[in-house]
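This structure is in structure tokens; I'll ask about it shortly.
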């Protein structure tokens, strides 16, 4: 998100792994492509991929990497509490799936008397609206706790700080902010890990000198940029020729790019920073009559299905969708006065070919925009709510 | 007139320039210049990347540009009648979702849903048109409202993501093609569709309806006073626009599959293409095929930039510069003509001749 | 009908504002909240400020018969430039503000010159400059950049009572522009040029000046909106303008405020009413936790329905000589 | 004071003014007369800096001047009341009067001063019924004309040219204008005055210049002229030769159109019968409702009261389309804004009605229309030329052609010869005669009294939205004017 050469990183960000941001780099960014690359962060996420997680592996959404804990005894409450959720948006299938899951989790906690109600404001992808939403909650919400899924990292920092100043617990998830005032920051391992998993898979399955087309959604979104920063580095180190394009996640654009690429030469691999358009990319190879590439996608059902149908060599990196449950569960612990991780790093494991069948079976009948690792199988509405995509 | 008539078509011929002169004249207008621009861009693209010039790859290029060209043709009807259609992108997205959710993997639903989509498209256009013409809300606002409302409704209905791609039989429309065509290998169906639609649009614009549409865009009051049902003429233009968006959606769902971003920004791309084709915003001027050519020129330009290795982020900038320059050049041409500084104003005039036909000289010159 | 037709469109706008207010009080009350509490008023007013700035400028541009679709990109550019120059140094606030406004005005100048000089339709001219700036932003900024100092951020975060400072600044700008529009020659000439450019020219007005001025002021206002956003966000962002959808929304607000999309007639006060209507509706829907997808449906319908109400009145009526308003005249075919 | 020498101007190659020479002295009212299209307005526009001249010189007080913009003319002390309104309907009277030079105090427009100056100006003109703060659009046509005149006078010009300023005015308002003009003359202002009302010319003017087909036919002191001499100079031949005779075989047939007690919000108690083979002229002052009458018959602003019959069957004209289907045609008074699609070709315009109302007959009409155009002697490059490049007369012929193509039974003509040259006029007259001979019913609205008198079988005079009376063809201009102005005298000061 930030151009480090200009910005004063808030002091807290420097303080080691408690850093609440996903892109807390400190070195001035050099001109050029790798301004998003941060060796320390890369190394850390590289480690975390193989770290051991605390908690029940059956419930990955409650797992975390052992680290600094926050005491929450002051927040312990007997009464059901009111939660205020400031959501960036539900404008893509990943967020929609997570939002459904979150609401089912909410029902469970309401039934068990932990949470009285959750008031949600949706910022429709607008930083300014989200700031206003948070300010509204502070002034009018009567909130006992805040959950914030920031629309962007730097811009939401002041608002999150204001929420922290109310003295109520604040849970931030998905994208981070540049302050560690929040009670906990919940997120899967991160973008570098995604980049490492996916790029290493391609490197393992391709030869030196092979061509990879990298399909990226947008420039400037930290999570996505880190995925590419890691992947680009790995491709470079292993002599893979990679060309990257921005597609706006538009399958039409993806098809155009791939068919233009195929018109000029062979493509052995496709790397994606998000799985949305993977199917379109695969179809472009079919249409051109070319051999399937080695693919990376995401745990979106459309890709998993296409992957199985075609039998191509692929992997589905995962940006754990089940993290949408975790904020409410974190609040459950907070209201119980239990300590929780200051930075709650959730597992983030790619789906490999041998796991694929299992996930396909578990998610039978789910729509294409559904995410296999949504983690809601034990929730009351399963499976209709996800299958029918009932959005409150 | 009540007078006797003999071979009038000879008179008609006699009073029109030969076709090649008319074609030459046309090339000097913005609507004709876009064809020149298209050829230049194509040649440049082929020069930079010779493989682009191979028949197979050219025809695929035409195929994937087809939806934009079809949308531009649809938008043309609305613009030439003096209005805007901003709801086009939302219609495309909505139709993509409809196809994804209602057809599913059930081949037997292809035809009924196809019909339903066309009806839906016509309905959206009808609403746009009626609210614009009868309630007198500017079409910019009406279609802006439809754009928001339609997309919102569809997303609400589907929960933001369609169940899945529709059955392959349906997707063939946008994905498949006639196999084993000599030279080209495959002839993609979208190419066939865009050709048919362009031909139909060309034909329609030469029909009374088309000419009335232009007259309405040029001077709605005069058109109303000649007995045209301005509201209905314009409403049908909106319906054609939404239907074109529907066809674009049908092709896109085949070509690309179901995704909420399919169709995003189509309204502006289509308007850009139409304007690049020399069609004047405000109505009354421009040819439908020029609008389609504008779409191809725009896409060829992008391809060219791509081949030249221009960073894709600069694409917007180039597009912006091009449309301003093209439209400025066009406006200046029309203005110079209107001020009588160019040939058409100064051309020698003579009495429209009627060939004195034997036995009916009471009508002669 | 008769009393209704005697109201100016600004009156109707504020009737709608009142109606929305009443609806808000009832609906928000039903949701167990207060619509008129300090926090909510502050929230509604905050919702008016950014769009307010842009709609002020857009009003001028529409009054002279043009349009401005480039505002979102000007907003983003201004936020980035100011935040970049300020770089968290309080001493740099002035240069940051000045640079942002200067560049914004420059874009407005280009818009104005292309529209008035090259006679390119405002829609295309500003779509074009918008694309140009958007390409520049995408190429040169990878994500948010810069940082605004705390002193500057206060502008976006503080208020006097329930009224945010940003709203006050917006209202001050509105006041200045209103004064310009109603009490200076430039303002009069804007109306004249938008009303009938031929008459304006015949009356000795240099028709280019009001058009260019309107575009410059519009971009300046967008620049101010960008500054305000930089203050609220603490950073500059290349997408903040596009996130807000300010281009179409501001045009909608202006038309909702009773200004004729074809120019020459309308009022800034009406525009502020239009902005307020949007802000209140958004606020009500947020409090009621309406599904975000349905929010857009409501917005779309409100825009069309509200404008339809004014448009029906605008059918030019001539003083009747005879008759007792018996039938509504069948003008649908003829008034173009 | 103002000297014009050798001025020439042509539009699109058609000469409109040729070698015009004119002298205007301080304190003189100089009448400029001539037929429609003689070039009077064009001359005034060149003087005002609206059009550039092709050749010639203009001098004010002996200094050559060159105006490219009306402001320059204003600065040089010359202001103009144009024939078309130059008012913004949505702005107030004061804003319109001072448009482009609003009085200021400091940076701000001094609205109070502007309003009071406008009030003073209007009072000076003896008008009290117009408030400076009302919007112009809500005024009557006559009041708008007053505002227009007030605007021109407010420049304190030494030379004022007025293009048909009384066209929209009735008795007392005309007297007012007389008073204003005399006051200006007393101040030493030079006035160039265009009017089609010869009485005014003789009442007001000291000198008269006659323009014909863009050339000066003569300049004479008013005292040396009389009506007949003036008309002869204007027309260049006796009037009788001007209007074609009724064609042999023309017979008045059965009633085609019958209106009984017709009315809407602009018209009342209209009783009118139109018979086949008849040309009925409609006279009246501007704003008297003549256009409204034909528009009501044509369904533009339909009658809401009364009974209509067409061809013996009930007729409800609720839209132009229905009127066209029933065989009614309307040639509108303003061909540019109501009659033509200027960007379209001659052929497309001529096929306009057929295409929009009888699309099935298009193919046949395509073959016929060139013949129709040629019978009207349309001059154009070819059928594909856009009509905007045609001269006014030829444009009007294209309008006629598009209606002839559908072979209507009732033809309504609103100012059919406005702004077209003599040749074209005669073509229009010939055509009207021919249509009458074919058994069509013709209703012609015209502000040209000679035309009405010369062409009509009956003359209907309108006043204030009512039919004031009917006159036989051999009536005089005075009789018509009397009917046309009569009752308005009482209402004029409202």
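Each chain gets a letter, A, B, C and D, in the order it is written, and its residues are counted from 1.
Quick note on the criterion: a residue touches a chain if its C-beta (ideal position, glycine included) is under 8 Å from a C-beta of that chain, and two chains touch if they have at least 3 such contacts.
Just so we're clear, the structure is a prediction, and the values are computed from it rather than from any experiment.
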Contact-richer chain pair [A-B vs A-C]: A-C
Computed distance of Cα centres, subunit B from subunit A, in Å: 41
Euclidean distance of C-alpha centroids - subunit A vs subunit C, Å: 36
Interchain centroid distance [CA atoms averaged], subunit C/subunit D, Å: 43
Approximate Å spacing (C-alpha centroids) for the pair subunit A, subunit D: 74
Multi-chain contact residues (two or more partners), subunit A: 90-91, 219, 391
Subunit D: positions in contact with at least two other chains: 300, 319-321
Residues of subunit C touching at least two other chains: 138, 291, 293, 295, 333-334
Listing of all chain pairs that touch each other, if any do: A-B, A-C, B-C, B-D, C-D
Touch list for subunit C against partner subunit A, complex: 33-34, 37-40, 42-43, 46-47, 50, 84, 87-88, 138, 141-147, 153, 157, 229, 232-235, 237-240, 243-244, 286, 289, 291-293, 295
Residues on subunit B engaged by subunit A in the complex (per definition of touch): 49, 51-52, 57, 60, 64, 67, 100, 156, 158-165, 175, 252, 255-262, 264, 303, 306, 312-313
Subunit C-facing residues of subunit A, complex: 1-3, 6-8, 35-36, 89-91, 119-122, 124-129, 131-133, 135-136, 139-140, 151-155, 157-158, 162, 219-222, 225, 391-392
Complex contact set, residues of subunit D against subunit B: 11-13, 298, 300, 319-321, 323-325, 330, 332, 337-344, 346-349, 351-357, 359, 362, 366-375, 377-386, 388-390, 402, 404-405, 407, 438
Residue numbers on subunit B that touch subunit D, as the complex places them: 1-3, 5, 8-9, 11-12, 14-17, 22, 207-209, 211-212, 214-215, 218-219, 221-229, 233, 284-285, 338, 340, 344-354, 363-365
